[in-house]
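Naming follows writing order (A, B, C, D and E), and every chain is counted from residue 1.
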Amino acid sequence: MLEADRLHLWRGERHVLRAVSVAVRAGEAVHLAGPNGAGKTTLLRTLAGFLWPEEGSIRWCGRPIAADPDGYAGATAYLGHDNGLKADLTAGENLHYLTRIRRPADDAELAAMLSRVGLAGRAEAPLRTLSAGQRRRVAMARVALSGAPLWLLDEPFTNLDVAAVGILTGLITDHVDAGGLAVFTAHSEVPLGGRTRRLALA
Amino acid sequence: MSGARDPVSLPSAAARVFGRECRLGVRRVGELLQPVTFFLMVTTLFPLALSPEPSLMRNIAPGVVWVGALLSSLLSLEGLFRADLDDGTLEQLVLAGQPLAGLVAAKVLAHWLLVGVPLVLAAPLAASSLSVPAAALPVLMLGLALGTGVIVFVGAVGAALTLAGRRGSVLLSLLVLPLVMPVLIFGARATDEAVRGDSAAGGLWLLLAMLILAVTLAPLAVAAAVRICLE
Amino acid sequence: MATWTWFHRLASPPHVYRISGAFLPWLALFTALFIGYGFYGGLVLAPPDYQQKDAFRIIYVHAPSAWLSMLAYVTVAVAAAVGLIWRMKVAHAVAASAAPIGASFTFLALLTGSLWGKPMWGTWWTWDARLTSELILLFLYLGYLALRGAFDDRARADQASAVLAIVGVVNIPIIHFSVVWWNSLHQGSTVMKLARPSMPGSMLWPLLSSLLGFTLLFAALLCVRLRAEIIDRERTASWLRPIVGAA
Amino acid sequence: MSGARDPVSLPSAAARVFGRECRLGVRRVGELLQPVTFFLMVTTLFPLALSPEPSLMRNIAPGVVWVGALLSSLLSLEGLFRADLDDGTLEQLVLAGQPLAGLVAAKVLAHWLLVGVPLVLAAPLAASSLSVPAAALPVLMLGLALGTGVIVFVGAVGAALTLAGRRGSVLLSLLVLPLVMPVLIFGARATDEAVRGDSAAGGLWLLLAMLILAVTLAPLAVAAAVRICLE
Amino acid sequence: MLEADRLHLWRGERHVLRAVSVAVRAGEAVHLAGPNGAGKTTLLRTLAGFLWPEEGSIRWCGRPIAADPDGYAGATAYLGHDNGLKADLTAGENLHYLTRIRRPADDAELAAMLSRVGLAGRAEAPLRTLSAGQRRRVAMARVALSGAPLWLLDEPFTNLDVAAVGILTGLITDHVDAGGLAVFTAHSEVPLGGRTRRLALA
């Protein structure tokens, strides 16, 4: 459903993506692997529409993503090296605003997701008072609440403890099993069973 | 499954963005009050540095107030998109799946309220310390309300354009200043006329026309600039 | 070393709480006596000034509150320095309690001064050295209070505001000597040159009494605020439980 | 093994910090030129907003120049330690194992050079646009050189104190302004005397005294504040 | 040589460290483990002297660290969730300034360390153009160059690929074997052999 074909991209003088192709079908997760500086973040940001490849095409449901950028954006959830959360808002407020500019969601759903990521008691805490792993948990709750069929996750397991890794794996599994798509990067193996296909960048 | 499950309408998404800006403003009251304190500082520092002859003061008062308002709203613009870019929330706005121009319009509108309203409310204080007659206050305040709107909307385009590269608000001032100079000139002239007891309607209508132009066109430019500057 | 432990025992919160409670009634009593005599003597007994008529009577509020605005600042700065150097929590509590009182006296001095300025100089306000430095003192107080409010953590608020209070103390001599260093509209020192007072006794004694009364008032208010501050800071401590439980 | 292998001396460590600031300043020329552009903006916007009567202009010119210089150096202070705090390099400075006051003194000194020198160099431009006579220029420039030093060193204390908690440069202005008000008053007065052809030596000596005081004492306060505000 | 005894610390209203004790001897590495929000970062920052415990004492070579803060700071290298590097300076410049405010070091030494962390060719690249893992590598080079006997590392393995994990493990091993001390946090096991003692926070 998402097809990127022979992407080429330069950053400054560096030819970072050289004829990279990815195809992700519904119900499938792709694990982008590769050493530091291989271009994983670059590829994910290109798939998210933040960077434009100099050559090659990206299609979503068969149509180039440039044809309907807002529609494609509405279908995408992105988690980068930054969490995309406001330090001055509480965990609950962050989820409230970021979810509801995308889709209607009732309070119970937000609360349920916060407790699923293990932060039931911390909804009222300003994000700046949470630990690094707790913030990452809020960010993954945001992705799970987005309702987007395509998840683009850049090292989502960063800072997470063992329990949280389990929770995130569960979220991805549920999403993929419900027909969602996911592309994520990680430096170690992720126990997602047969749902994952691995793609190594140079 | 080509889009989100059931998307929200643009007005209600824009309302969320507006609400979020206001909530953030309230959380960071210090930052919110910065432009207005700065405005009061500029306008009260003058009597301190100049020889305080009341007759001279009244002559330059409209200009001082308008320069203060221009500078303080310009300064508040630097952080408008920068903070969102740094923590990654700007990306989330772009990926909301809504027409970006609508969302940024809500954001800029909230910024205008948060910056402009305190300025307008503080204007009588500044004016009285510069011995502007009370009769000129309505024109001054109305003019500032319209003028800060133009400055904020036009300035937002500059703020979005200067996101890429290193942070440098100098570029922002250089881009925006020529565009908003007419606001300063007409605003100060209208106030000056009100101080002398003449009719200031012409200047105010001009400011209103500029405001309408800015509010309709600037968000499109901002949205385009934001997309360009995310990398 | 003995004096050192004595010093610290003296500065323990329960001890300070108890002592300030014991002083409070006496302070209140003498405050009332001195301010009472000062105001009665100044506002009723003293004859009208041959130049200023009755306008000069505002001095009985203005001079004491101006004096207190400076004394309170010095109190804040000294307490803050003690707190910073010897890490003494009670000293920080004293600084925190004294600052709002000092800000109020500063405001009162500015207010009464400009009320007096209208008949005397024909204007509420001019950018004169003494007036400006007193206004700066008000800004310093406000900055101090704002800085305190900017911290979530009380220990850090204490220390950061202490640094500011100490830095700001340079302003105090400027206020006091402004009339000497610059030719100012404002009155030169009248009260302090007791050797050759430039004021008749019927005006002077009530003024001195009201100066003392205001100082005692400051001490009394400080005790009240300090006790509240200590309760707030020590709310989890065991020694407070019987006291707060009883109230 | 109770300390580092062979530590460097404080002067050479301070020289590194100084060098680093200068290098960063050169990398971010945009940011570096911000205060001076702002200064020129403030001083040239005035003739635009006021009715430009030369006689009136000459009267207020010293005040305008000094207010411009004060505001622009104040604004440059917000980022002085904030950027280092955000990326974690401030911690590295604290952990250098050197007396912190020495290192921050080097940093503030570099900031003074990077901000103050352009201001002093731009002063003739600003002064001529305000029709200040050329004879007053030496006093103006010397005064600005001294005055910006005081503002930067005193302001650094404020910048360090406002590091903790939310970012809010309003608080910074609120803390620093009362402390540097005398600089403004004496600076403007000295310039005014020079414009009238009187001797301005008294004011300049006073500025020098304030500078010496600020340079010796402020770094200690800054170092204490930085330690307090790191969490 | 580093002894922290029954530390208590509150952050806001939260009692984060409750009677935590750590002792690290020369030639030993301590692995701080614990779930997200357990207080690992808080403990490390307390050991670095950025936070002051309300109760308890920290001693370095038998003396309280408050007795000689500058001396203790000179003996400490800290790597936090932030890298402590300037995005506008190049990798080489960052190392140059940060190392040489602590100790004299010649250019060859800096260059050798850069190539040891796999960035020999990137010394001239501004840090903002490096990938997340490459920045982390520069940060670990900074720690290794510091010459400090005590290393405090907060999730140093974040963003690192497999090769870089190996390099960092090697750096820590060399440091500890030369009589250095290290305290680090990590959510997974770290292959440091018998040098490591594990300390779990609640």
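Just so we're on the same page, a contact is a pair of C-beta atoms (placed from the backbone, for glycine too) under 8 Å apart; a residue touches a chain by one contact, two chains touch by 3 or more.
Keep in mind the model is a prediction, meaning the values are calculated, not measured.
**Q** Moving only from a chain to one it touches, give the least number of moves from chain A to chain D.
**A** Minimal hop count between chain A and chain D: 2.
**Q** Name the chain with the Cα centroid closest to the overall protein Cα centroid.
**A** That would be chain D.
**Q** Report the inter-centroid distance (CA atoms only) between chain B and chain C in whole Å.
**A** About 41 Å, centre to centre.
**Q** How many Å are there between the centre of chain A and the centre of chain E, using C-alpha atoms for each centre?
**A** Comparing mean C-alpha positions, chain E is 30 Å from chain A.
**Q** Taking the mean of the C-alpha atoms as each chain's centre, how many Å separate chain A from chain C?
**A** From the centre of chain A to the centre of chain C is 59 Å.
**Q** Would you mind pulling out the distance in Å between where the CA atoms of chain C average out and where those of chain D do?
**A** 33
**Q** Multi-chain contacts only, two chains or more: what residues does chain C have there?
**A** Within chain C, residues 132, 150, 152-153 contact more than one other chain.
**Q** Give the residues of chain B touching no fewer than two other chains, as numbers and ranges.
**A** Those would be 27-28, 30, 48, 166.
**Q** Could you say which residues in chain A touch two or more other chains, in rising order?
**A** 88
**Q** Under the stated contact criterion, what part of chain A meets chain E in this complex?
**A** Residues in contact with chain E: 11-12, 34-37, 41, 81, 118, 129-134, 136-137, 155, 158-165, 187-188.
**Q** Which part of chain D faces chain C closely enough to touch in the complex?
**A** Chain D reaches chain C through residues 154, 157, 161-162, 164-166, 168, 171, 174-175, 177-179, 181-182, 185, 213, 217, 221, 224-225, 228-229, 231.
**Q** Under the touch definition given earlier, write down the residues of chain B that touch chain C in their complex.
**A** Residues 30, 47-48, 52.
**Q** Over in the complex, which chain C residues touch chain B? Could you list them?
**A** 126-127, 132, 150
**Q** Quick check: in the complex, which residue numbers of chain D touch chain B?
**A** Residue positions touching the partner: 27-28, 30-31, 33-34, 37-38, 41-42, 45-46, 48-51, 56, 59-60, 62-64, 66-67, 70-71, 75, 166-171, 173-174, 177, 181, 184-185, 188, 192.
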